[in-house]
Amino acid sequence: MDFAFSDRGRELVQRADDFMRECVYPAEATFAAQVAERPDEWDSPPVVADLKKEARARGLWNLFLPHAPWGAGLTNLEYAPIAELTGRSPYLAPEAMNCAAPDTGNMELLAMFGAAEQQDRWLRPLLEGEIRSCFSMTEPDVASSDANNIATRIERDGDDYVVTGRKWWSSGAMNPRCRVSIVMALSDPDGPRHRRHSMILVPMDAPGVRVVRSTSVFGYSDRTHGGHAEIVFDQVRVSAANLLGGEHEGFALAQARLGPGRIHHCMRLIGMAERALDLMCQRTLARQTFGRAIAEQGVVQEWIAESRIRIEQARLLTLKTAWLMDTVGNKGAAMEIAAIKVVAPETARWVIDRAIQAYGAAGVCQDSPLANLYAHARTLQIADGPDEVHRRSVARQELARWR
Amino acid sequence: MDFAFSDRGRELVQRADDFMRECVYPAEATFAAQVAERPDEWDSPPVVADLKKEARARGLWNLFLPHAPWGAGLTNLEYAPIAELTGRSPYLAPEAMNCAAPDTGNMELLAMFGAAEQQDRWLRPLLEGEIRSCFSMTEPDVASSDANNIATRIERDGDDYVVTGRKWWSSGAMNPRCRVSIVMALSDPDGPRHRRHSMILVPMDAPGVRVVRSTSVFGYSDRTHGGHAEIVFDQVRVSAANLLGGEHEGFALAQARLGPGRIHHCMRLIGMAERALDLMCQRTLARQTFGRAIAEQGVVQEWIAESRIRIEQARLLTLKTAWLMDTVGNKGAAMEIAAIKVVAPETARWVIDRAIQAYGAAGVCQDSPLANLYAHARTLQIADGPDEVHRRSVARQELARWR
Amino acid sequence: MDFAFSDRGRELVQRADDFMRECVYPAEATFAAQVAERPDEWDSPPVVADLKKEARARGLWNLFLPHAPWGAGLTNLEYAPIAELTGRSPYLAPEAMNCAAPDTGNMELLAMFGAAEQQDRWLRPLLEGEIRSCFSMTEPDVASSDANNIATRIERDGDDYVVTGRKWWSSGAMNPRCRVSIVMALSDPDGPRHRRHSMILVPMDAPGVRVVRSTSVFGYSDRTHGGHAEIVFDQVRVSAANLLGGEHEGFALAQARLGPGRIHHCMRLIGMAERALDLMCQRTLARQTFGRAIAEQGVVQEWIAESRIRIEQARLLTLKTAWLMDTVGNKGAAMEIAAIKVVAPETARWVIDRAIQAYGAAGVCQDSPLANLYAHARTLQIADGPDEVHRRSVARQELARWR
Amino acid sequence: MDFAFSDRGRELVQRADDFMRECVYPAEATFAAQVAERPDEWDSPPVVADLKKEARARGLWNLFLPHAPWGAGLTNLEYAPIAELTGRSPYLAPEAMNCAAPDTGNMELLAMFGAAEQQDRWLRPLLEGEIRSCFSMTEPDVASSDANNIATRIERDGDDYVVTGRKWWSSGAMNPRCRVSIVMALSDPDGPRHRRHSMILVPMDAPGVRVVRSTSVFGYSDRTHGGHAEIVFDQVRVSAANLLGGEHEGFALAQARLGPGRIHHCMRLIGMAERALDLMCQRTLARQTFGRAIAEQGVVQEWIAESRIRIEQARLLTLKTAWLMDTVGNKGAAMEIAAIKVVAPETARWVIDRAIQAYGAAGVCQDSPLANLYAHARTLQIADGPDEVHRRSVARQELARWR
């Protein structure tokens, strides 16, 4: 294992850190104020556009994308500490650097599997940060932790495909700048287990696409992120040229998308945990009970120590996973991806929870980012595969050594 | 220990259960729809008024209040299973039966310590469910887990008191029907440790009372509950007759209020946990992954079993605490009150969290009550004294046996 | 629920408590010294015989047995606090009061299902405390958490049965006073699932009974308890009159034995936890680090508080279970028996573990009883059904409400 | 961070792994048999001497010692995977490779701080594996987690020092080959906080050295390891030339000894956890309940997955700590050493505990190494500083960033 960085990697981390300190943290108050002024918008407030301009000027743009010629060409290991930094301010920094989900995963799919025409139409403006996109996989009527439950149909009709079904948690789709969805749908119900579904690009303005509502997360609307849309696809007809990758290859594409997507979440979760630990230290040093700083209490010190101990371990496992993905590929790193997908949200959640407790009432309300971060981390124990599915996957690979 | 119920107690539990099944659960959908129609109201929607009428007609009214002649005269043990039932639908049932915090605690204070005039003016309409009230104790600028940090000043000036300071988490105060606050303030900074504060009744329309904003809980505004107000008291002048109890007796009054208040929360938390367990069972029996009901998975069965095991224990400790309060008084039950204040939120939180996991994405959004219940339970690990303060209190009483 | 005691129950608890304080605790040092002097004995040392005499004189004898005319006729609820007291000194008190496993369960089987002749030969001397017995159910070659795996054969041959197989964890069988084993064996391999096994009384001196060795528990030989024997039954021929209960009714008998046996373990585990908490308080008050008593450290106070909180809950659930067994029978209390079988060892183990940590090195060695208690509690998460089997049982009963 | 190995490091790991598979694992049964035959010996059985010869022949000898000219000169990072391998068979492999505590720490002290004469007399035979040694720091009468409590006196008298006091947990001292103890004693009670103690070499045969008894660990005597001796130093007079390092520098020497000593324990604990996970997988694949292998149960798969996830993290943090010690020194790695000292025993303990549960009754007795490993791991949450002291140390360093 070698987690040492290249000079370029090191330089970019420093540049990202400067950007966070000089631009992003100071913009957080502005962000909150602008959001408060425009409570009905489903988009990030103006300050984010400013940050995007600045990030791009500093060369901090599309760093997530390894694929030539589109992306920055960083390895996962090089990108990890940068993504971690963006996680410290997860509602501003990832979008500022055009590294926000779900667009990142969509750009990756388009870069890897998109036809030239598809790349021209969707990938270019996404890479420019001009439009947004969404990913429509999970469905309200079935347990999506088993991908085979996905029931939205896609059927060939002449030169077109017709898509019919109901999706939800299409994050970002409430954003008026969201122009396209990548839809996972059942194309061959009787095919072999992992060759039943296809992915297709569906423009948001295609007839029959109906955005029904947005689901909230622990009371948070996630408006600045474009919400989480429930979308009805009512006999939506799109050109056969919109198919992404080959027919019935949806499962393979989903796997290709989810590996990097999962580790990106994990990298950012480490950053969220670090931010929460910073806040916990600062707050407990600043407040007093019974005549001494809260930070002097043994119980609080256990929270702080345990937070540091857990974060260190989670970060190292994330780095190892990134290094494996770089050296033996996503498939070779499958166990570690599953492992870190369990560890990172759990770690972040635990640290944030203790920070909330240390903050007291300010921890659960809008006066700290903590409750929002908590909701985010908690949700990632369900999104992209629930913990129990990932644990089962780890166990099976472990047991396979002995069979 | 004898947890057996009187005939009257048993009959009231049955009546409350009937009310829940016949009226409250069926009203939950109406409640949600009415809330959605009037998103800017800081009050419960019309269906709650209907439920109040019905509950009163059924004799399910003010059951929380033991004090003659005002209340129903139930013991804590008798009230426990009724409060638990209301906790199964915590945004409708407690208010429907006029048993919702913080009014309950305020009514109890007024019944116990209020002058006749105070009772006429405030207690009567509260018992009628006509007005609401709030309780202003905690402050944004200090760590309120140490009550001695409370800094809002109350100073005598002729026949008046003048109140100056900033309070927050005055729950219910955003409700336009909220007419009075019981304010805890520093009256004698140099007095003995537990005789420095006084409580005073401050009408919400007194000059100088300024409601600044409402704090949210994990993204939830708690509008139907009247929110959680931050209130500035800017040289608010009220008649000396508004003093509640004696001068500098605020601490003793707070203790008198908090004992029953805490156990009421605990009783309802048991109900929340039971509701979450019901939902977890129903959902996991109804949904399938990998060819069988989720409820058949060993990991899910561990969640269900552990939930049942924890709830049983938490309920029994709550009942024991209630029984002790009835038989040896709140002071004699101090250790158990502290213990249950730790156990009940933790139990509810754990069960709700597992129910969320079993629900998947539906668990974190508005399609189930679970995320909201979670936020509620989590907050009760901070409100009315954080866990660590209660644990320290238990430890000290335990150690005192050996000193 | 009514956990109130009868006058007789209350009086016996007081008497048992007196016995513990006046006789048992003071005898612990003698016990240790006598054990050290006779390291090769597989029996309790002389001081236990003295305690037996004293206990009997005080009317504290066979209190575990509800069945007339043999036993004391206490309800489970009445016996619970007495068994808890004996658990505070588990290597002396249960045997002193003739209430030690596995003899208790064997006496119960004999009292309920034994023929008159069997009772004369085995039950009488057991009730007198003259002989010991063992119970041979679990086997080294199969996973016994599934009772259907039990493979030792019992076959009819004329007026005899012939028993062949290998058993282990026949606790007490190393004791030279152990005269009989109740053996569970496969009598009808093709019978219906719960009618395949029979129980039979096998004298320890029957030809073909070979005690192979004793298994230790975390390094402890449990010599004073008679160890845990591995026994080979090599074509052991016994009279058909030795069959206990009916043919193929072994499973039903095992259930009848295990219900009370499990709750007795739980009652004693509560006592062990209480003893550990006592020791933790005493030790942390007596020792100093960094200038103050260890008991003043916040982290240690959390251990103490959490110990108290957990013990209270576990005791209440044990009492409820006992009350249910008394009022609706063992079958009606099946879920609670399974629940408490999970809770009590886990609680005791947690408390003992924290006491060990508070003790430091003295906690893991012979200078405190803690490590031995820990091994005992840990083992009870496996013995009489592992936790995961009991949790599954709780879950299934919970889910059954909704099917 | 760069965890890549040198060619030499890689080659040695392979060689150690070969040795484990070819020699050590096959010797475990012999070890057990020889121990059973000579139950009264306080030394490892003959097979270990054979393994020592073999290890030395293979160049696997004294690999722990970085200090020229005595040791192998490996970095901590290079030694880590080798020590981990030895931890897989902790009662044979470390001694076989002359890498067993407490001798390792003593050799390190002698190599760093020993006078030439001291090295000739004690270090050479220790490096040859001819004699053993012990370390006498902790005391029965005080809480040694605060080093300032150490009360054994050392006083200058002419050309001699006189040592008086009582030590315990002098591991290895029961071994007849143990020839010397390094004793930590109070030399200047009024000196500055960290300059009050000295270390001195005391031959075990010096008049006044009295080995009183051995303490057991959870019932295990640890005979093959030389037990854990309680030693009375009754006015033991030794030459002033026996002082190790300077006067009153005991605390600094202890720190120098403990850093490497702690991480060596951690490395071996990772190996113990791996061994337990191997055993858990093998056993649960081999045994059946209710018609399928135990390994197919979801709950068991959670144990396996969680074990793998925890081990990976603990190993990475151990490697990072080793790398830091190599690159910035023990002082620069102080926080990580404290962190890993908490993580590694906790991880090993958790994994071993789940393996015990998976094994059932065989897990707690001598038929598997698990209970013994558990006792070992549990004890390391106390030895070399209890968890809570290390956590406090981590917290203070974390908070120091903000003060």
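In order of appearance the chains are A, B, C and D, and numbering begins at 1 in each one.
One rule holds for everything that comes next: contacts are C-beta pairs under 8 Å (C-beta built on N, C-alpha and C of every residue); 3 or more make two chains touch, one makes a residue touch a chain.
Computed from a predicted structure; not experimentally measured.
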item: Neighbouring chains shared between chain A and chain C, ordered by label; value: B, D
item: Chain separated most widely from chain C, comparing mean CA positions; value: A
item: Separation of mean Cα positions, chain D and chain C [Å, integer]; value: 37
item: Chain centre separation (chain A, chain D; CA means) in Å; value: 43
item: Residue list for chain A, restricted to those that touch at least two other chains; value: 297-300, 302, 388, 391
item: Chain B - residues contacting chain A, complex; value: 138, 140, 142-146, 148-149, 168-169, 215-221, 228, 287-290, 294, 297, 299-300, 356-357, 360-367, 371-372, 374-375, 378-379, 381-383, 386-388, 391
item: Chain A residues touching chain C - in the complex, by the definition given at the top; value: 297-300, 302
item: Residue ranges of chain B touching chain C (in the complex, touch as defined); value: 1-4, 277-278, 281-282, 285, 295, 298, 300-302, 304-306, 308-309, 312-314, 316-317, 319-320, 335-336, 339, 342-343, 388, 390-396, 398-399, 401-403
